[in-house]
Structure formats: C-alpha cells, structure tokens
C-alpha cells in the first residue's frame, strides 16, 4: 500500500545519507548515533596483496599509559559456553546489509551473523574470508570473486555466485546503499556469473583495492531467498539470514539483540566458545560502563570520554582504546555567507578554544589533532599545525569582514548558525564550550536537530557550522570522496564544506594512480597543508573508540579468520578494534560454567 | 448504566479526535528530513532542470548531482508521501487507515506500529501497575496510621515527610536511587531486563519506587484528610460504641467511605502515568511506551507518535470511566442513583 | 463532564459539646519561612544580571570540588555550579511563573465562563479541559517544543502554560459553580448587573483564592516539568536551568566523583518546590479550600 | 442497699485547646440502679453528651478526665486505659441521635449488626446474620429478611433508627445510653422509637440513660432525671419530684418552656434568654446566674454547692425556686426589673400551675 512504501522510501533516503557519512562526530561522543560506512568502494589503485601499508590504524595503542590491553597468553585454555553481554551506544534501524546502513552497533550485531567476503589481518592487509580467491583482470577493470564451496546459509540454502549476485543487485538498486556503489560501476553488465561459485564485477575505472570494499557491510552476504522475502516484507530486515557463526534468535528493538551459536557453522564449532551473545542498547554509555562494574555487561563499546574514564576506573575491567579512529572537528560551509569568506573562517578558527575542548570535552582521553592523521601514522604531515586559542587574531578579521559585508553582521559581530544534533548532554556541552570561545566575535544561533535531520541538512548544504567526526580510513584513497570537487556540488555533497580546489583534485587522483608509497605520503602531506590553509576544518582531537572489557573476557584480540582455501586451519589473526567494530566468535569467558 | 457507557463512548471518540488532530497538526509542523531534502532539491533547481527532465528533454542522471537527488526521485517521494495534499486530506487518509485497523509503519525502523505497540505497552503497563501497587500499598497504611492519631507526633512527622516526598522531582530521585541501589549497592539492575517475570519485576522495581514515592505522598495526604473527616462521623462512634476494635473500625468502616478523593486521583494518575513515564523510562533504559514516544517525536516518526498518543489518551478516558464505576463499588448510594 | 469535580460535601461531624478545635486560622511560621526562601531565590534570580555570576567560559578546572572560590564546585565544563544555579533559577522561576500565570489567565477565564454560563458553553469548555488532560502531559510538551526550531524560554513557558490550563480551569469552574449560587451573586443578577460585571466584581475575587493556592502548587509542577524536558534534552537551547544543570551532572560517574554538580541544584530545586507546595497548602488550608484531585 | 449498677463520682472532663482549657464536665456524680432509666437533660453544651461519651470511651485522646466511673464493680476508666475488649458493646452501648449518620453508608444493615455479634460472641457469619435478622424483627422492622441485605440509604429514618437500636442490642448489653435518639427522626415516629426503647428495656431488664434536651421526653419514662448546665448537674431527683417540685431556676425555666408537659414535645425548647456560658476559664460564680431570673449578688460570688437530700433530690442553687428564699429573690428582681447581672426580669404572665 502506498503509505507503507512511502515511508520506506523516506527511511531509505535517510539511510542513504547515513551511508555516506563517516561521521559520528556529532553524536559519537555521547550516544553513538554515529553511522560509519567508511569502506566506500572507490577506484583505488592499490593492487591486492601489495598492500604493505601498516596503516592498521585502529589498534590497541600503547601511547596512552592508562591503556591496558588484554593479550591472550598461550597458556590460556578456552572455556566453552556462557553468554557474552555487549553494550553498544545506539540501536540500528535494521540488519539487512543490502538495505540498512550499518553503524558500529550494526557491525557488532552483523559480523557474527554474516561472514564478510574479505577482512583485514593484524597488519591491515585484506584476506579472503567467504571468498576463496579474488582475481583482477590485467587492467584492474574487473575482478572475479570466487566463494568457498559448500557453505550454507542459516536457512539451508547454499552460498554461490547467484547469491553473491543477488546481494549485489539488491544493494545497487537500493536507494541507500546504491549511492555508495553506483559511481564505480557501468550502467549495464555490472556483474556476470562466471561459474557456480565465481562472480565477476565490472568496474568503470581501474581499482587495485577492490576487495577492501567487500570487507564491510557490502561484503556481508545474505541468503538470496531471504533478500527476496525482505524486499516484500520489510520487517524481515530485523531478522537477517547469513552464513556466520552465530544466528539471530531474538531482537527486541532499543533493548537487546540475542545471537546463539550456529551449530552448523562451515568452519566447525570447536572454536565458537560462546553459547550466546547478547547485544544491549544503552544510549547513556556512562551508565553502560557502570554496568561493567555491576557485572551486568561484559563488554562496552563507546566513543564517549566519560564512559572511557568510567571504564578505566573500574577494577577488573580493562580498556582497549583506538586512537586512529578518525578526527573530531568543526567545519564550515563555504558555499554561503559568512563562511564563503576566508576571513570569517579564519576568525572562527582563531577564536576556537581547542585547549578547552581537550580539557573539558575530551578530558584527555584523546589527543589534540592537527590534521586528519594521528602523528603515529606515516601519512601525517608533522609540519601542519591546527590553529586555535588565538582570539586576538580574530578581532581584526571580523572588523574587516563586517566592514565589507555589513548585512552579515550585528553589533560588530558576524551572524552565524551553529547546527548540532541531539538532544545530548555531551553535544550541548561542546556547543557551550565552543560558543564561549566564539561569542565575542560571532552572534551565534543554535540549531538543535535530531540526528537524521542534522545529517540531511549538512549533506544538502543547509548549514553554516557543524561539528563532525570523519576520516580515519586505513587507506588514504578512501578519503578522496570527502575532498574532491566532484562531490562539492549537487543536492547531496559528500564534500560537506563544498570546498573545491582544482590543485587538490589533481593531487588526489595522482595518489590514486600510483602505488609508490613515498609519493602517496608526500601527496597526502601536501593535502593536509592545503586543508589547513583553506580553513574549512577546525580539528579538535583524534577520536577514541574504546572497548571496555571485563577481565574474564578472553581472546578479543586473538580471533581468527579462515586461512587460504584448502588450508582453512591456517587461520589468520584479525585486526582488533577497527573503529569500534569487532568479532566475538573466538572470544571466551574465563568464568563460564 | 447503558446510557453511561454510551456517553463515555461518545466522549472517548470525541477525545480521540481532539487529541489525534492536535498531534497530527503538531507533528506535521515539525521539519522533517524529507521536507528539508525536497526543499534543498527545489533550491538547487532554480534553472528548471526538473521541468526539462519531466518533459523528457534532458537526461536526469546528469543533473542535481547524486542519483537520489534526481528529479524523478524527488517527484516520487512527494507523490508517495502525499506532500502535495493538504494536512486535512492527509489526516483523513490516516483516519482511514486506522479505521481499517492499520496503524501504519514506523518511518525509521519500518516495523508495524502495532507490533511496536504490542512490545512496548505491556512493559509500561507493568511499570504503572507496580508503581500504583507500591504507592497505594504505602499510602493506605500510612494514611490510616496518620489519621488514626491525627495531629499527634507520628502524623506531624509524616506530614512533613509527605511534603518532602512530594517535592522531590522524580528525575532527581531516579538519578539518586539509580546510583545508590543500582551502582553502589548493586541490589537492583541498572537497566531493564526481562529474563523471566522475577527478573523483570526486579528491574522495574527502582523505577516503580521512583514514580511511586511522590504518588504515595499525594495519596496519603488525600486519604488522611478524608479519613479525619470520616472518623468524626457518627457511624464511627457507633462502631466504637459497639465495641469494635480500632483496627476493624479503621479498615472496615472508615477506609472505604474515605477513598473517594483517593480513587479519583488514582484514576487520573493511572491515566497520566501511561504517558508520564517517559523521563523515568529514558533514565532507566526501559523500552516502554514513553521512551519510544520520546524517540519517535524527536526523530519525527508520525505514525508511531499518532498511534501511541491515541492509545495513551484512550487509556486515560477508559481508566476514568472505570473509576466512575469504582465509585459505585465504594458507595452504594452512588450505585443506586 | 465527569464526576470528578462534583463537590464533595463534608459530612458535618457531630461535635456537639465537643470543643471545636478549629483554632484561629493562621498561616504559621512555616509559611513565612517558605515565602522567605521563595523571596530570596526570586530576588537573586531577578538581580542575577547585576550579580558577579556568569555561565560564559570556564571559571575553573573541570569538576572542581566546592571551595571558597566556587561554593558549589564546578561542572564538567569548568563553570561554577553556584553561578549556574543562580542563573538556572532565572529560567526555572520564570518558566514556572509564566506558565502558571498563563494557565490562570487562560484556564481561569475559561473555567469561570464555563461555571457561570453553564449549559453548552460549559460542555464545550469542559470537553477542551478533558481533552487536554487526556493528552499525556509531557508528550504534549514534547510535541509543542519539538515543533519549534529554536526552543526559547518563551516556548517552554508557553508550553507548560498550556499544560496548566486544564487543571486551573477545572478548579476555577468548580469554584465558580459554588459561588454562582451564593446570595451576593444572585442579588447582583436580580438588580440586573451585566454578566461581565458580575464575573469581574463578584466571582473573580472569590475564585482567585483557590486559584492562588493551586497556582503556588502549579508553579512547582511547572518547574519540575521544565526539569523533565531538560532531561529529555528539550529545554531552553543554550540556556541554564536547574533541570539542565542536573541533567549535566547526572551520570553515575559524576554522582560518584563530583556529586555537587547535580546535588546542589537538586537541593535548591527541592527547597523551592517544597516551599511552593507548603505555602500553597497553607494558603489552601487558610482559605479552607478543599484539596482537589488535580 | 446494694451498690448501684453504675456509679459516677466527681467526673470532670477538660479539653485543652489553643485558646485555653474547656471545662466540659465539672464534678458530675450520679448513680443508676439496674433496670432503671436515668434522664440527663440539658441544652447543647451542657456536658450531657460528653458525660455519655466518657462512659463509652469515645472522647478524643486529648480529653483530661478525672473522677471515677464504676460499672458492675468494674472500673470503666481502667477498662478504657487497658483497651479492654468485649466491654463496650457487651456491657454497655450507645445509640446516637442521627440514624442517617450512625449507620455506615457503605455496609449492608445486616452486616453491620452481624459484625458486632461475630466479634463479641464469636458466631459464624451465617449465624450472626440470622441473629441480625431476628433482632430486626424484635425492634419491629417489617420484612427483616429483606432489610438485612439492604443498605442504610434504602431505609426510612425511623427504620434506620430501629436498625441502630437493633445493632446496639445485638450483644445483650446491660446498659444502653441513648443520646437524643429521636431528635433526627420524623415527629410521627419519635414516640414509637421511645416506646420501643422503653419496652425493650423492660423486657431485658436493661438499664438505660436517656440523654435529651427535652424534659417532656424524660417524663413518664425515666425513673430519675439529672439536669445539667454548663458541665454541672444542677438538679437531680426522681422524675415525678422534679416535675412537681423543682428547685433549680434552670429546671424551672425548662419546665416553663414546655407548653404541654403531659405530651411528648415536638417543639424545640423555647429559648431561655441569653446563651450558655463559655466553658473556657469560667468565672467563679453560678454559671446560670447571668440568665437566671432569681440571681442575686451572692450568685456572682461563689459556685453554689449541692444541697437537698443526697441521692433523693439534690440541687445546686443559692436561691432555689419554689422556696421562700427563691420567691423573695424573684420578687426583688421583678421589682428591680433586672437580676443581679443586669438581665431584664419581668413577671410571668400567668402563675405557674405546678
């Protein structure tokens, strides 16, 4: 009926936008409303297997003295049984990877249900999981993905090329998910079934990194029968069917999602230690962290500094903190006044209280950021310095601007709108803090919007200043989409500030065309300098996605994916804490009975 | 009796109209992402590309950036959402759906509103019932004890205490109790859980206490005042003259005729609680009606908001009707008139 | 509309020779203590712009314990909780006062008109009141507040004022029904006084007394409701109120390590609500107004 | 002579209030023999009901009580202090003036009677209900079987008072106190009720105290009458003595206010000029003096002691009526046109025909 499909469309429209956002910024700090699909397939030119970057950013770091990590010791003997209770910050609209946008909480629920086609090892290199091989053509214009034989979905149907194709076709015709993939494919003949288990993907540009894109939501494969059913009955988006080690048995929205061991798992069930995984939604993550102390949860995943601090303070709980998970920043819309004028952008930047942000908001759980890369990462340009806390420099700029554009000023201050999402205590605190710094030079009107609307207004350019979280991708090529001129125009722009710089475009595409790492580093460093000079972003801090874990939870970072076909036992240790995402299939509880 | 029921039914229907129209109007006043999106599309289409595309003179994929932003897509969304219809037409179509038993689908989770309601309502009802049991369970003995020795030591202290309890904002109490009993003492869980009835009861206990404390003070005060009046009645003296023990007189004679105000306020509060648990549900992460409603309002999910508000308002009317029936039980004089 | 506002008759106790212990009525010292507290808070709120208090910028480090320089300590953003409490009083009291005045003006007028004219007018107004009451209160507030782009003090006050209309109105109606039958009103009718004149001269002064008692209680309710909205994150944008400050300091970590952020405003709010409740109750008792259902 | 069944000695009841202490009952003494009927007569505020409520242990806890009350050799005040069970309701009981309010409106009549029986006599519910039905028959209620399951509001005033009486008699009390049992019922049923009480008393050999403001009601029923004024018994004697030869000017005035003394009055007392005195800090004088046609200056100086024949005819007056002393005082006041406290005094229109 009409109304239903309408609403569906509307919801999809929303989700589309979410799909684009690497952000969580706004809200991530507080209640993790964040949607992060950073693995947007792009025509990256890194060749499979040559991925020697060690940019496995999201790893337990040792640069923070407070951080403890749980390292599995060889003597540890797995204990079978028990229920792992995981707390996440937000609910997800659904768990159908071809039509729901996946944020952290969806990945937490989704990875155990769906095996991905590819994933990353400890060094950040991709390896095939459901896939057996990934074979590019000589010009990297097409890739043949062959899946392992004999794998069954939870509904008993077989994983084969047809299933793969069904997933791809559903995703690319879905208004949401298609946005992320359509640009990389030709209008016709996007996929071809080569044989029972092999599907060919045809691209419009050479891409050496194609499998990377199939490590996330887009690489999760659902049963074809299920997808057909879900297309007809949308509530099935809450009851996904995959091939994974755990099966969804119950889902009570906004409360708990329950998974149980898949006794027919294709890799065998010997290493699936947990009987059951329960994922709880708790929008107040500081309370969620307390629930570790009260033994109501075993693991809490959060980006909220208060929660991180709470977890650090609980006996018997350790934290696994990832500081390469992106950056928190404010940005300005350069497509309309006042921030089309660099003087206004500079004034705002100079007046920003970054030190206050570090002290009051981040509470030293995450370091100040100067650019889109953490200093530990090779891509970082150490010469770039994010300005701020220099209000004295703002005054002449504002006076100057107001003399030229009096209609944008009142009482010698520039009028601006500060848009943020909420309601959220942390967001409000951030706004209070920023406003304290800015209000001497700007007349600030606040615009508090619900998450969805905040994203839409931002994507459609109906904003002046927002706070955001973004970047942090393993490969810099994945950042191109946020920075290129092509996405600075249109109804929806992924280049949020709508800032187009021809020179930067050239650099971005040069980077994409080469596999010379030194050159790529040089390019990225230059781009960081350009971004800094354009005054479109005001970086605050690097983000910190924290896993807070009870000590009896073992092996979070020792989990493995399948080895090469025919040698599945030669399992590969997985990357741990990937921007708040994790698997749980090899985890065990020390005190499970 | 039949007339009373018919009258109440008419009232119920009228109230439903008033409440849903008001809700529909206010939820449609809110900006929705959709409206903003279409507005953005229209803003960018100043040079009339969409008209050109509609006329088939232009290839739509080249215009307006991304494919979702294309004209066809915008047109389709507008049509599907009846955005060109006026608000009355849209309200009418909502009513039509309701009349045919279709509460619609959430605009975000795409779940049937009826199934969301089926999940949420029982939890809130259980919370409200627990709250009222606690409130009444405390208030009745307390009111009896206070009225029994009115204006004496216990009564004075209890009057003071009741003012105190009445004056604690329940969100503040929630925060304090959650901290003390959930986190420090760990006697009760800090969030809703429902592994069996005992588990659920336990997890709803502190929220119910939080809501019940203020209510019990309200009830106690009403009951005490009425009891003091009743205790001056001759039939109470008569009962004493008959040598009935005090306990018997308090419970069997004085209590029932003194419950009118209490029952009235009890009814009003039960109705009000159905829609009044939202702050507590938010604080204690209880997936009940209130929390869902808050979230639905914030994310602008009209079908959910409409259905939930309608159910709560209906509950209010029905409970008040039941209270009217209860008067009859309390006092046979009402019954016969 | 319903039986809820039916006047309950107090069964006359046969006190016969028993001395009537109805002491000479007085408001009592408690009442004046409460009024004193309210006056102090009100005065401080009124004078806040001229007091050395500010919510702009950090006054100290984050979450500093109470000290001589920050009597109530500082919050997570390093702002003085004492200052926030004073500035919050401005919002909370203004919202409470405005809401109840709105409720008294609108609800009171409707209630008196309904009670005076009775009949169809009464039925219509009674229906409006009943509908307003059957609307879940905070949800109604939520809907109204959500419909505004920018939540200002005025928005919140009007919203809570709308909530106050029905309870105040029903009380005014019930009181009017009683007084409309009294001799002085009947006498005025007999001598042909105009309706408007009767309402203003004869009814209003009498109906105002119970309304004033309810007004004090209602102001407390409005202040708490504002706090509730703040807890849902929907109070005044960028403003300070007790609810907002309490909400800022309510997380368990705050309660454990820096309870002052939430506890001081809770204490001040509690005392204020207590004073309003107590003073309202005394006024009610003083003028012998029966405790009402709402 | 054996001890009387009920003996009240120097009963004093005070109520502390914020304005001062109310002297509700002041040194009241009287006796009642088994099977006899005593009338206590007085205006509102004379202390008659307080006296009755003292016997019934119905006074508020704030009341300060002195003196002794003995019933059948048992100390009633001690029983009250001990919270004795099965004393009130079994030994003695009371009927109140207003049957509309003395029945619990929310309980069925039968139930209200039965609960007493069940509690005191330990009968089962059905037995008690059967007994209740029987009692209703005894007090002359038609169709008792139907009445048992009716609510009080479904009965007429007269029937209700009969239900109250049945309720009071449920446990065969030895003493029944009837506090203005007919004031609230219809004129036509007053006599029926009084006669019913009288015959029940005789049947059961029960003692009774009839409290009334109407001397006419007492006449012909009561063996003795005590007249109370301002918390004191001002005159006490056998009924016939009182009617024939009253001594206290107050009694005299009461008698004069009854137009036809040989018929039960259905009119209220004609008001005696003035109002009963304040009971808080009363001046040391005869309380009746301000309203007394006989009052002389000495009446304003001291409270008259009881005189006359103890146990037969006692009165407390400096200038008793129907004595020479009284006649002199009255004549002097009539001559002066006013009494000692300034109240205007005129001669009676007719001579008293007693």
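The chains carry the letters A, B, C and D, assigned in the order they are written, with residues numbered from 1 in each.
As a working rule, a residue touches a chain if its C-beta (ideal position, glycine included) is under 8 Å from a C-beta of that chain, and two chains touch if they have at least 3 such contacts.
Here the structure is a predicted model, which means the values were calculated and not measured.
Relative to subunit A, the chain whose mean Cα position lies farthest away is D. Relative to the whole-protein C-alpha centroid, the nearest chain centroid is that of B.
Here B-C and B-D are compared, and the pair linked by more C-beta contacts is B-C. With centres defined as mean CA coordinates, subunit C is found 21 Å away from subunit B. Taking each chain's centre as the average of its CA atoms, subunit B and subunit D sit 58 Å apart.
The centroid of the Cα atoms in subunit A and the matching centroid in subunit C are 47 Å apart. Between subunit C and subunit D, the centres computed from C-alpha atoms are 52 Å apart.
Each of residues 96, 98, 101 in subunit D touches at least two other chains. Contact with two or more other chains is made by residues 284, 287, 290, 423 of subunit A.
Within subunit B, residues 31, 178, 183, 233-234, 298, 300 each touch two or more of the remaining chains. Those residues of subunit B that touch subunit D in the shared complex are 149, 152, 233-235, 237-245, 248, 252-253, 256-257, 330-333, 336.
Residues of subunit C that touch subunit B in their complex: 2-4, 8, 10-11, 13-15, 127-128, 130-131, 133-140, 142-144, 146-147, 149, 220, 224, 227-228, 231-232, 243, 246-247, 250, 252, 255-256, 262, 266, 269-270, 273-274, 277-278, 281, 291, 293-294. Within the complex formed with subunit B, the residues of subunit D that make contact are 53, 56-58, 61, 85-90, 93-96, 98, 101-107, 115-116, 119-120, 151, 153-154, 164, 167-168, 170-171.
Looking at the complex, you find that subunit B touches subunit A at residues 31-34, 36-37, 39-41, 44, 64-69, 73, 76-77, 80-82, 93, 97, 102, 104-112, 115-116, 119, 178, 182-183, 186, 189-193, 285, 287, 291-292, 295, 298-300, 303. By the touch rule above, subunit A contacts subunit C in their complex via residues 284, 286-287, 289-290, 306, 309-310, 313, 356, 359-360, 363, 422-425, 428-429, 431-433, 435-436, 439, 445-448.
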